[in-house]
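Worksheet: the structure to be examined is printed underneath.
Chains here go by letter, A, B, C, D, E and F, matching the order in which they are written, and residues are numbered from 1 within each.
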Amino acid sequence: MASPADSETWMTLVVQPNDTNPLGTLHGGRLMYWMDECSAIAATKHSRAVVVTVSVDGVSFKHAIELGSVVTIRARVTRTFRTSMEVFVEVWSEHIPRNLRMKCNEAYYTFVALDEAKRPLPVPDLLPTTAEEQRLYDGALRRRQVRLILAGKMKAEDANELKALFLPENNTAEP
Amino acid sequence: MASPADSETWMTLVVQPNDTNPLGTLHGGRLMYWMDECSAIAATKHSRAVVVTVSVDGVSFKHAIELGSVVTIRARVTRTFRTSMEVFVEVWSEHIPRNLRMKCNEAYYTFVALDEAKRPLPVPDLLPTTAEEQRLYDGALRRRQVRLILAGKMKAEDANELKALFLPENNTAEP
Amino acid sequence: MASPADSETWMTLVVQPNDTNPLGTLHGGRLMYWMDECSAIAATKHSRAVVVTVSVDGVSFKHAIELGSVVTIRARVTRTFRTSMEVFVEVWSEHIPRNLRMKCNEAYYTFVALDEAKRPLPVPDLLPTTAEEQRLYDGALRRRQVRLILAGKMKAEDANELKALFLPENNTAEP
Amino acid sequence: MASPADSETWMTLVVQPNDTNPLGTLHGGRLMYWMDECSAIAATKHSRAVVVTVSVDGVSFKHAIELGSVVTIRARVTRTFRTSMEVFVEVWSEHIPRNLRMKCNEAYYTFVALDEAKRPLPVPDLLPTTAEEQRLYDGALRRRQVRLILAGKMKAEDANELKALFLPENNTAEP
Amino acid sequence: MASPADSETWMTLVVQPNDTNPLGTLHGGRLMYWMDECSAIAATKHSRAVVVTVSVDGVSFKHAIELGSVVTIRARVTRTFRTSMEVFVEVWSEHIPRNLRMKCNEAYYTFVALDEAKRPLPVPDLLPTTAEEQRLYDGALRRRQVRLILAGKMKAEDANELKALFLPENNTAEP
Amino acid sequence: MASPADSETWMTLVVQPNDTNPLGTLHGGRLMYWMDECSAIAATKHSRAVVVTVSVDGVSFKHAIELGSVVTIRARVTRTFRTSMEVFVEVWSEHIPRNLRMKCNEAYYTFVALDEAKRPLPVPDLLPTTAEEQRLYDGALRRRQVRLILAGKMKAEDANELKALFLPENNTAEP
């Protein structure tokens, strides 16, 4: 059974003038385009199938990324649900000559695998092997319940994992 | 005081070959780029300031959009929080000659307004005037608590609006 | 019968560094690309058919548009001729934080509607309903005669509407 | 004194998938972008100054240009008016392996030359030397009058060259 | 029999902000893209067939090219080898208002012609007619031997033309 | 002292319709653009300075890369010469659903490091540690002599390493 490391995908790019916004830093929409591409490759590696994006959550812009920076993107599958896969994407920027490097962005992308007739295709299970992989695996269920509740597709009372976060005995749990 | 309608922004585009993925439909990353641009204009209209994206949530891809489709994007501010604004973006695709039109995507973008020194700038309050605007306004607080909890910046026990969703007497509430 | 308002199409964009010329303002060719796309959507709405550009006239650049400006484009059909449609396109630029807005460009695009075999297709008639729509409707005939004469496809003596402009009793007419 | 040949500029390109519309042929807006660039180089050569586009007329699309075609664009200054220059642009497409070549497009672009403070700059006169150059030179005056009349900046009765086209004794003149 | 002049292809472009690197000069990768396109047209003209790039050598960047410069690219076939053609590409940049012009780049591209089933197709011979064409023609054989030796497809001892460069009696030869 | 592994840079991309040529496979010029970017990052990592491309050699296209393929690019510094660095770039394409992977391209890029005044800057030495790194290190000297001879900057008789390839006792050496 494949682990998250088997789908890990790295992308490295330089921020060109073409990629900037009027403030002269990396355009947020351009970064989301790259993150989509990098995470789609990770999902393709895990499923060995064509995949399409079904949702994106938790995209969080921490720092602006300057023109000329080297952008490194890492994506890996965190959990699978029958025909869908959640992928965690992280982004760092580096200004190599100035020796600066920082975490700039992260997000969760969800993909569905498709067969040749473009119908959803069951995907292989995933086996987390490190503590961080296990933490991401556990969190994926809660994030999925949030998505379903906010989209009106699940009742709050049925979201057991999420509900547990709000019970007195659980409020020390890591989200 | 401005209403959501005052920041409403419409964008209309045609899906060109340049915008497609290898399946021949609109590239998801390209759509997120356009949604970012449309919602940034809405946030700029409300704040009359330069804005930067700080988070994106609930991006939900419902249907693939075909080559040659007309894509219509609508963005409007749903709620403000001191220096930040949540913007709700909706996307429809239309194949005019075949007379087909459907909702394809929606998402919540959050922006921060910046002053000339690029420091966060307080933004004007927003006054919802229709029932739909009020529903989006109320939901914005719950979505914000989800973002803060999932990002580890808020304790679940302090997320009163969200917690209420999980209490027995509230489980009929609309998420 | 459809009016010009039925085909009205709005496009809103931000001038990114990617769209500028070496002077740092919006590239004229890029603007014409956007105007072509916006007016083609208007012509598609009116004809409910695939359309192709056949001519462009009266493109008039009044002001340079700066990096970071919001560009608003409006297109609507002004008159139809059996299988072709004239579309009037207007462009405004807005620097929202500085609260500046001005008319920057306008042009007339002509499209032909095509059937599935890519042969010209008759298009529905158009009914102008406001005074401005009527003025654009009347001018369309004169603009068409200018196009045909300058292209050598019509003799000056047969261009009655245009010729009337040069007769003594008509020289007070609005062009 | 410079002749039109001195400003002649050739551009050769291949229509890539990136340049096509949903019908699979060259996007009309993309072609106008290239024509703008080619004619701006011709105007720069004549004026030895930075130039900006002020108007475009008579863009006439005669044939669709297929994917993979070689596009050849020729631009040359036809006439100058104090600070402005009219440039005639012609476009041919060639499918070399199939040995097909045809005229696909032509247009008139008008540019103004700018000094370093971005103020209009007088441009050198132009000396037509061939019969075709002379014909383009003469026509430039009539095209200019059409532009000014249609833009409401000239009265029809003052457009002597244009008016002459409509007088009985002149109706055999080439437009 | 065709001469190098018959395949000569000129491309003229302006360096837009979109084409620059973070230093504000023309991106080297973008220039190689244009050189590839220009030389592919030259190879297509000579072979009257679809061509694909098989190798590139001797790309030599002599000067950075500034934003706003006019770039002129010239390509022509220098020699043919059964199904392949070597094309010599030269690049000049010009800052017309400042009246500066210089050679900036040159390279050798090799293409193979393909038939409709995408199999290599024999190409017509080439007849050099000027001294410079003859020099390029002769050098093509030595450059080909270098490529084959460095790629491990030819033994150094079999590269007669190249070997001759290293023999005492030949060391005055022009490379 | 840094080894080639310290500068190793990986780039992963998907071939989108936007990146293809009229044959529907990856455009050669686009691939060279990506290779340039990937190798420039490797050279930046080694030199901790801004770098510019000075030459490219041995670009060898072995297989066409299909639409939808995942392209993996690896670049690492092979040898340094005072202010310049040679970088070896390799390209693989993978069609993950069909489980196909192959080497498609390789090339040698040479960069110069620049100080803040854009003058060449001495770069740190490189220490090859594996047999493959040593082989690339040794070959770099011969490739450099070829470049200098073909560019007319070195006499063949002074290219000792290269000359040795053509002497009887050396003709078994790996090029």
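The rule is short, and it goes like this: contacts are C-beta pairs under 8 Å (C-beta built on N, C-alpha and C of every residue); 3 or more make two chains touch, one makes a residue touch a chain.
A quick note: this is a predicted structure, and the numbers were derived from the prediction, not measured.
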| item | value |
| --- | --- |
| Each chain counted as touching subunit B and subunit F at once | A, D |
| Angle (degrees, nearest 5) of the CA superposition of subunit A onto subunit C | 120 |
| From subunit A, the most remote chain by mean C-alpha position | D |
| C-E or D-E - the one linked by more C-beta pairs in contact | D-E |
| Mean-CA-position distance for subunit D and subunit B (Å) | 44 |
| Intercentroid distance (Cα basis), subunit D paired with subunit A, Å | 51 |
| Inter-chain centre distance, subunit A versus subunit F - centres from mean C-alpha coordinates, in Å | 32 |
| Contacts with two or more other chains, residues of subunit D listed in rising order | 14, 17-18, 27, 37, 50 |
| Every chain pair meeting the contact rule | A-B, A-C, A-E, A-F, B-C, B-D, B-F, C-D, C-E, D-E, D-F, E-F |
| Subunit C residues touching subunit D - in the complex, by the definition given at the top | 23, 27-30, 32-37, 50, 52-61, 64, 107, 118, 139, 142-143, 146-147, 149-152, 155-157, 159, 162-163, 165-166, 168, 170-171, 173-175 |
| Contacting residues of subunit A [partner subunit F, same complex] | 9-14, 37-38, 40-41, 44-45, 48-50, 70, 96-97, 99 |
| In the complex, subunit B residues that touch subunit D | 14-18, 67-68 |
| Contacting residues of subunit D [partner subunit B, same complex] | 17-22, 24, 27 |
